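Presented sequentially are two complexes of chain A, the first with chain B as partner and the second with chain C.
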Partner chain A sequence: MKLLTHNMLTCAIPDCVKKDAGFPLVITEVEELENEDNEFNKNFLVRMLPRLEYAALVDAAAACGVEDMPEEMPEDAEEQEEFLQALHGVLNNIDVVKGTMKCENCGREYPITNKVPHMLLNEDEV
Partner chain B sequence: LLSSLFSLTFYHRSRPEYQKPPEFFYDRKEAESYTTSSRYQEIQRKMTERALHLLQLNEPGMLLDVGCGTGFSGDVITDAGHEWIGVDISKDMIDVGIEREASGDMTLTDMGNGMHFRAGVFDGVVSISALQWLCNADKKVNIPKRRLNRFFDSLYKCMCTGSRGVFQFYPDGAKQIELITSCATRNGFNVEVVIDYPNSTRAKKFYLVLFAGRPNSSYQLPRGLEIGEDFYGEGNNGSSSSSSNEIQSGSMNAKQKKKRRGRSDGSDRDFKSRDWIMKKKDRQRKQGKSVKRDSKYSGRKRRDKF
Partner chain C sequence: MKRKELEIALEQVDVFQDPKIHREQYPTGGTLASHMLFDICETYDDIDDKFVLDLGCGCGVLAIGASIMGAGRVIAADIDSEALDIAAQNLVDYELDTDIDLVQFDVVQFLHGKTMEEMLSEMEGSFTSSSSNSRRRDNRGKQGRKSNKGKGNRKGSKSSTSDGIDFNSLILDEEQFKEYAGKSIRNGMRRKTFDTVIMNPPFGTRNKGIDMLFLQAAFELSKGTVYSLHKSSTREFIRKRATEWGANCDVMAQMNYSLPKSYSFHKEKVKVIEVDLWRFDVSEIE
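Up next is the complex of A and B:
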């Protein structure tokens, strides 16, 4: 799971969905990481900037061992090549192979195995 | 009657939705057949390209692939310059997708429980051959209407305002199309259905086009294709497709069948006349079958032999 995906995923429990409280899913455990070398696409990145939840991204990056992201997104982010490169590195290149995410609202845990987050609910949770 | 009964059971057996729930149907074996069969891939690729064509995105965007399977449709999305996230209920399909290094992220999700993404993150939605699975009541807890509503409600939220979703699907009949379109409408979508190759039973394809919010005025829905047509050369000037309420069921009901049988038992003088033959040849031509050319001998009675 890339951190870009993590930045969009919310808790699947109906109560959290209803209260709009299922974001972010906190990465509580990272057992295995992979660093990929994906293509840097500036157009796409700039388009995604307003849609990112930056604070959640900083936390997720820290959980994956990247501590040097700026606390807040620079105001002229689309012009700062250096920042965009760093952002790309965090969003698109870090791939969580195995780990766990947890919803802060309801406490439900979602495992990540083989790069895939398991968002399926049990019958009694639906 | 016997033959029609037989064809009915056969028909049901040939649709995977009636066999097992999707997470069991798409097992390891099925998933691998998707990566090895070039025929599957060709069909899959064509449908994804058509879906992207109907979507008409002008800029690279973030797409959601509902029922991404092994990520094959996703690779077509990547080739078109977009990024994508896929969801699927079958772990085996996704695992095969990871092994073949599909170009996007995939999450294990049951579409009937809704899409769990933040609001307004997707520029568009693509889905190939997945929507009909939602209409199944394969478990006690699965109520199709409730699952459809949950899906469309959550989908609407995670799409950008004015964005579109294109769902290629295999409906079971007019009733199912109506159920799907009414659920989508109730959850705020503007709904259109585009039918490609409507005259051919085999090549016929249904595309449900959903508009989240007010459709962009520059967007014009391409029309359905006819046999022999391809969408690559087609401009945007095609007229809008038939709307959902004009769709007719492909299967005849019993009453119609009876009526038709009654006509051919001798009371119908046109039976196998030249006119009848010409009409039939015309129809078959439209279906893309190879038909002998018309001549002055067409439909003429053979000379009696002694």
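Up next is the complex of A and C:
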């Protein structure tokens, strides 16, 4: 699971959705991580800027050992080559192979195994 | 890249070894997939540098094709872990395992906060249990559909066949659909984050209406366009619903979909059905 993907995932428990409290899922455990070397694509990154939940990304990056992301996204982020490179690094290169995410509202945990986050609920949770 | 090259590349994708009937797991052939992806790319430029979701990805053919055609990032989502395992191996074989992320995700749960399995058993129960019959009558008696908010309109859940389950009752009407407009969070994924959703959903031959649930989920997940294959016989119904939900829609092409004899109940060796490739512009939908 790339941190870009993580930025899109929310808790699936209906009550959390109702309260608008199912985001972000906090990465509580990282058992295995890969650092990949994917191609930097500026067009794509700039396109994604307004859609990112940046605070959630900073926390997710920290959970994966990257502590030096700026706390706020620079206003002219699309012009800041260095920032975009760093952003690319956390969004597209960090890959959580095995770990756990947790909803802070309800405590529901979502496992990540073989890079795949599992968002399915059990029958008794709905 | 030429279309034929993409077709040949996609023909090599490993497909279901043991397809599940109730999930309507038919592979998307290389010819169909390559025509679909080339049209999307060349006519509408909706793949290059875009954030793309393959919803109900199965073994990942469309995701792999979208990535080859230059998508910025691709997420491929499916409910079935065996399909995802095959997809994961395909990504490794194509050296695309760092470009495409797989997510285990349930469309029904996304829309209704219930799992598909739970929904199935609940619906099956409602066909036989008298208590839920009376509940349905109660609902019918109420004015409007507000009483059903978030639960889907259940008035159509009257017919079931041994072939499958009728999901038509879960299709949101205009009002229910708008209930989520402007919200960012849904069950499992944020709304309106992808540029393009590309999918070959179940056609609803075994589970009536599941095709419409996929479409509805795709409309919520995409902020730009949705490309999807549907049986041509459902064309007018889809046009009506999609327009009600606020999309601009067009049939880009009609194609022949060859279903190989993957299930024992198929009599013909290859069954050909007519399908439409739809383009939905959902950018006006909040």
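The rule is simple: the second predicted complex is superposed on the first by the 126 of 126 C-alpha atoms of A that agree within 3 Å, B and C clash if a C-alpha of one lies under 4 Å from a C-alpha of the other, contacts with A are read in each partner's own complex, and residues count from 1 in each chain.
Basically, contacts are C-beta pairs under 8 Å (C-beta built on N, C-alpha and C of every residue); 3 or more make two chains touch, one makes a residue touch a chain.
Model, not experiment: these values are computed from the prediction.
Colleague: So, on chain A, is it clash or fit between chain B and chain C?
Modeller: Clash - chain B and chain C, as placed by superposing on chain A, overlap.
Colleague: Return first, second, both or neither, reflecting whether A:A55 touches chain B, chain C, both chains, or no partner chain.
Modeller: In the superposed model, A:A55 contacts neither chain B nor chain C.
Colleague: Looking at the overlay, does A:R47 come into contact with chain B only (first), chain C only (second), both, or neither?
Modeller: A:R47 contacts both chain B and chain C.
Colleague: State whether A:N122 touches chain B only (first), chain C only (second), both chains, or neither.
Modeller: second
Colleague: Counting residues of chain A touched by each partner, does chain B or chain C come out ahead?
Modeller: In the superposed model, C touches more residues of chain A.
Colleague: Return first, second, both or neither, reflecting whether A:L33 touches chain B, chain C, both chains, or no partner chain.
Modeller: Neither chain B nor chain C is touched by A:L33.
Colleague: What part of chain A is shared between its chain B contacts and its chain C contacts?
Modeller: 1-2, 4-5, 7-12, 17, 22-23, 41, 43-44, 47-48, 51, 53, 114-121, 123, 126.
Colleague: Can you list the chain B residues touching chain A in their complex?
Modeller: For chain B paired with chain A, touching residues are 59-62, 83, 85, 87, 89, 91, 94-95, 98, 105-110, 113-114, 116-118, 120-121, 139, 141, 154, 158.
Colleague: Once bound in the complex, which stretches of chain A touch chain B?
Modeller: 1-2, 4-5, 7-12, 17, 22-23, 41, 43-44, 47-48, 51, 53, 114-121, 123, 126
Colleague: How about chain C: which of its residues touch chain A in the complex?
Modeller: Interface residues on the chain C side: 49-51, 72-73, 75, 79, 84, 88, 97-99, 101-106, 109-110, 113-115, 117-118, 121, 150, 183-190, 193, 195, 223.
Colleague: What does chain A use to touch chain C in their complex?
Modeller: Chain A reaches chain C through residues 1-2, 4-5, 7-14, 16-17, 20, 22-23, 36, 38, 41, 43-44, 47-48, 51, 53, 92, 95, 114-123, 126.
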